[in-house]
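In the two assemblies presented below, chain A is common to both, partnered first by chain B and then by chain C.
What follows is the complex of A and B.
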């Protein structure tokens, strides 16, 4: 919609950009952004405006404000990964996905907040502080929350965004941008998408370039896409997917961007319901929603079958070992010599490295590095690392078996419950939380499959809950078509931002229902 | 079976990262305990999987120089440099042993 508006001149790219920047300022409490690239964004918007005036926009994304998670390199803009290790690091280059978006004319508003080095499921463990879920300030949430006492600080029961791409999810959810990039290694795009009521797409591993995405787990990382509707996700996917010579893990098949058909007949569809996803701790609310969704498909004529993915519960353990092992390797590059923080200690190379890393990394990162090194020790290599790789194959085989039996798409919950209040969430440590929260999303990363969170309904507490669709490798078109059909059936309510709305009534009105496609 | 101090020290050396306090060591213990669940799975005859795209040939480009000459940009982010070199402290001095360096493990 907004793209059409730009084309017809109802609004100009600079106006749009300015409004978004103003909204970012007024929603500062959310702490969704680490860096705001105001000057360059306005320049990009001006350039876009020129193109529209000449009737030559670069495409649907020309002039559209976007945000990028702060673990993607962005030339000339600080890239921190929410860590002291990279404070002050100005990227000398753009990640391929960033470059692609800029080439399409998108306007980069800024870098969004995350858990330090994308490790975490709350977006609470970065050095710039936690991200607040915009729904904490929605009428829907406030109506349902019971104040414990008059004097209680209104602010104290704000809820988390989920993570680790919490900043990106919050940015899209609060209308400060029309699309955002996140990353997804264990669910880091889908988890916050579910908690913030936005669409979160994890593409198939190998479809989108990881060049410029600061790596966590090379064999599972993918750039993630966060938008307000499925059609928008398809548009962004269209501009990002495809082989990149700079990332040799991207497949060489030709990728053709697609438009999503308006599916009306689902009778040829087979939806699988994996019974193991009825995990311990799954809230009864979400269980009911999942069931309702399955019924929705069935009543519309689709074939809905229960399936089994027997190794699901080991996925998180497997991830734990493989992730920490790859992290131990990937974090070795941070030694203070070429970029990033450097300690003043200078007795020897080793002591400088050790001090730099002690000063630059938080407990979570250090913990994972040490665990990873433990699993990679010669005496443990077979027992843990290779064992985990074998279990990984079993998990992948589970999925292959189910898809071979005729199932097109799997339907599962995305999270175990709606977003927790920050004060509750921090009672457990990062590793425990990640193990609990990633359980439903992780297996898709293990197998490299595409998966998408579609916001489904509001919980009893007035917070968003989403459901996840998992598709076959490289079948994003099918996956998104099904997701779009579902999205249309359920009509997820729009967030009614309260206090924030008071300041920017005009701004929000225009941006409220807009998608850009 | 707790992890021995020797192994903990070894890990600090390998990772060049320290445990910092007892919580850090506890964290490792719990991580190992968690990972031990893997042994419940029967993986006889199963090949380890390195990558989900193992059934494809990865792209290898021609060995031609297509970019470079960006010394200035690359040096920009380094704190200590001389001419076109990154400067590091002496590399032939090993990290002090357990008894001599500042580490939480000393007390164990």
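What follows is the complex of A and C.
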């Protein structure tokens, strides 16, 4: 919608950019952004305006304000990964996905907040502080929340965004941008998407280039796409997918961007309901919603079958071994020598390394490095790493078997419950939380499959809950088509952001156009 | 005293001759200004990924074929972790699980008792060849208590060639390395100049009594020439024997060769038992190579490497070249060794033979004795010779045609070395070195001499 508005001149790119920047300022309390690239964004908007004036926009994304998670390299703009290690680090190059968006004329507003080095499921463990879920300030949440005492600060029961791409999810959810890039290694795009009520797409591994994405787990990371509707996700996917010679893990096949058909007949569709995803701790609310969704498909004529992915329960442990091993390896480059934080300790190279890394990394990162190195020791390698690789293959085979049996798409919950209040969430450590929260999203990363969170309904507490669709490798078109159909059926309510945060009523009205396509 | 059997194995790192590095596009060049050939990937900037250089793979395949190896159609890349200032990523990308080539052999020749006429051929098994990254260079400035790091070399492609412990002394190791060097230079896969760090050799040395298991081995590093290689190995063998005969033990350690003192010393920064925490390199898919049989029909030629295609285009290896020289020119085998041992000498020889009527068997003497010794005396390479093949050929023609005697020819040659641009004929005329051919004139001279004698 906003793209059409730009085209027809109802609003100009610079106006749009300015409004977004203003909104970012007025929603500062969310702490969704680490860096706001005001000057360059306005310049990009101006350039876009020129193109629209000449009637030569670069495409649907021309002039559209976007945000990028702060673990993607952006030339000339600080890239910190929410870590002291990279505070002040100005990358000399753009990640391929960032470059592609810029080449399409998108306007980069800034870099969004995350868990340090994308390790976490709350976006609470970065050096710039936690991200607040915009729904904390929604009428829907406030109406349902019961203050424990009169004196209690209304602000103190704000809820988390989920993570690790919490900043990006919050940015999209609060209308400060129309699309954002996240990353997804164990669910880091889909989890916050579910908690913030936005669409979160994890593409098939190998479809989108990782060049420039600071890696967590090279064999599982993918750039993630966060938008307000499924059509928008398809548009962004179309501009990003395809082989990148700079990333040897991208597939060589040609990728053709697609438009999503408006599916009306789902009778040929087979939806799988994996029983193992009825995980311990799954809230009864979400269980009910999941069931309702399955019924929705069935009543519309689709074939809905229960399936089994028997190795699901091993995926968290397996992920823990493989993830920490790769983290230990990937973090080895942070030694303070070539870039980033360097400690003042300089008695010897080793002592400088040790101090730099102790000062630069938080406990979560250091913990994973230590675990990972343990698993990679010669005497442990077979027992842990190789075993985990074998279990990984079993998990992959589970999915292959189910898809071979005729199932097109799997339907599962995305999270175990709605967003927790921050004060509750921090009662458990990062590792415990990650193990709990990744359980429904993580297996898709193991298998490299595409998956998407679609916001479904509001919980009893007035907070968003989403459901997840998992598709076959490289069948994003099918996956998104089904997701779009579902989205249309359920009509998820729009967030009603309160007075407190609204800077300008008029601004917000325009921002509420949910899509740009 | 029971005899000792020395056992020598070698680990050789050959820098691949390519325009750019193994996994990045930055240039490969010797002695460039520090840190001027460093790409984002080489500097380990976060988010950068390796992209395999085709030329490096081809170089490794060529080398593997030349060394009679089996080329693995599927090989894998791994990360080898350790912290050091010249290793920006904290790990080296190498091939630990499945290298690109395995199970080859290298034949080399030795002179028995230093007599060129008695050459013996030996073979050493090649365990494997693997592709891996070179590290940067670090210079320790003790005076200012700092370490200077130059990353120009970081990421340059290396072929590690592992030779099994089939050798028994410094001489054998030196001969094997020399032959490998010639092979690499012939293939063009590496320039293999030790002085420029393009060929680095580490020796594994141990001794044991016949019939007993192998002894503890030490690794000897910091060897900068083939001559020092032989010295270092022989010194280490002796050291170990003496140590053991005195009741001591050999430590499994790394020792550095000190060329000044001619001995090996324990290395200062001993690594001890390092656990490299090997892990598959997740950013590089398995390397798949094809041959004529396995090549899929509609595969893009640019995208794949065909082993058979490379095999067909291999140049003549040194051993083949030597055989051809012996067969074609009737020279002795040891001559062919010397010809190939000097860069450009074989070509020079062939050029001269082409341009002269003198028989190759006679030409070879002039090449190996007169030309070569002069070059050696003045530390010149064949390329730098003031006497070109044309000039030498002219000279030898004069000799063949009996215009001058061989003594005179040597005189002319001495004059030619001055490089004043005169032709042999000019020098002959200048110095009146022509042989007299006229019978009558000769009789007159002889008669005059005899007459002169009678008068005394």
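To be clear about the criterion, the second predicted complex is superposed on the first by the 513 of 517 C-alpha atoms of A that agree within 3 Å, B and C clash if a C-alpha of one lies under 4 Å from a C-alpha of the other, contacts with A are read in each partner's own complex, and residues count from 1 in each chain.
Rule of thumb we're sticking to: a contact is a pair of C-beta atoms (placed from the backbone, for glycine too) under 8 Å apart; a residue touches a chain by one contact, two chains touch by 3 or more.
Because the structure is a prediction, the values reported are computed rather than measured.
K.L.:
Give one of first, second, both or neither to describe whether A:210 is in contact with chain B, with chain C, with both, or with none.
P.N.:
After superposing on A, A:210 lies in contact with chain C but is clear of chain B.
K.L.:
According to the stated criteria, A:338 is in contact with first (chain B), second (chain C), both, or neither; which is it?
P.N.:
both
K.L.:
Of the two partners chain B and chain C, indicate the one touching more residues belonging to chain A.
P.N.:
Looking at chain B versus chain C, the one contacting more residues of chain A is B.
K.L.:
Should A:245 be classified as contacting the first partner (chain B), the second (chain C), both, or neither?
P.N.:
After superposing on A, A:245 lies in contact with both chain B and chain C.
K.L.:
Which partner does A:268 reach: the first (chain B), the second (chain C), both, or neither?
P.N.:
Once the two structures are laid over each other on A, A:268 reaches no partner at all.
K.L.:
Looking at the overlay, does A:370 come into contact with chain B only (first), chain C only (second), both, or neither?
P.N.:
first
K.L.:
For A:392, decide between first (touching chain B), second (touching chain C), both and neither.
P.N.:
first
K.L.:
Does the superposition put A:325 against chain B (first), chain C (second), both, or neither?
P.N.:
After superposing on A, A:325 lies in contact with chain C but is clear of chain B.
K.L.:
A:404 in the overlay: touching chain B, chain C, both, or neither? Say first, second, both or neither.
P.N.:
Touch partners of A:404: none, neither chain B nor chain C.
K.L.:
According to the stated criteria, A:378 is in contact with first (chain B), second (chain C), both, or neither; which is it?
P.N.:
The answer is second: A:378 touches chain C but not chain B.
K.L.:
Give me the intersection of chain A's contacts with chain B and its contacts with chain C, in residue numbers.
P.N.:
Correct list for chain A: 92, 219, 245, 248-249, 252, 328, 335, 337-339, 349-350, 353, 373, 377.
K.L.:
Which residues of chain B touch chain A in their complex?
P.N.:
Checking each residue of chain B against chain A gives 3, 7, 10-12, 14-20, 23-24, 27-28, 30-32, 34-35, 37-41, 43, 46-53, 56, 58-61, 70, 73-74, 76-80, 86, 88-96, 101.
K.L.:
Along chain C, where are the residues that touch chain A in the complex?
P.N.:
Touching chain A: residues 40, 43-52, 79, 81, 83-85, 88-91, 147, 149, 275, 277-279, 282-285, 303 of chain C.
K.L.:
If you look only at chain A, which of its residues touch chain B in the complex?
P.N.:
Result: residues 89-90, 92, 205-206, 219, 243, 245, 248-252, 311, 314, 317-318, 320-321, 324, 328, 335-340, 342, 346-354, 357-358, 361, 363, 366-367, 369-371, 373-375, 377, 383-384, 386-394, 396, 429, 431, 435, 447-448, 473 of chain A touch chain B.
K.L.:
Can you list the residues on chain A that touch chain C in the complex?
P.N.:
Interface residues on chain A, with respect to chain C: 72-73, 81, 86, 91-93, 95, 210-215, 217-219, 245-249, 252, 325-326, 328-329, 331-335, 337-339, 349-350, 353, 373, 376-378, 381, 385.
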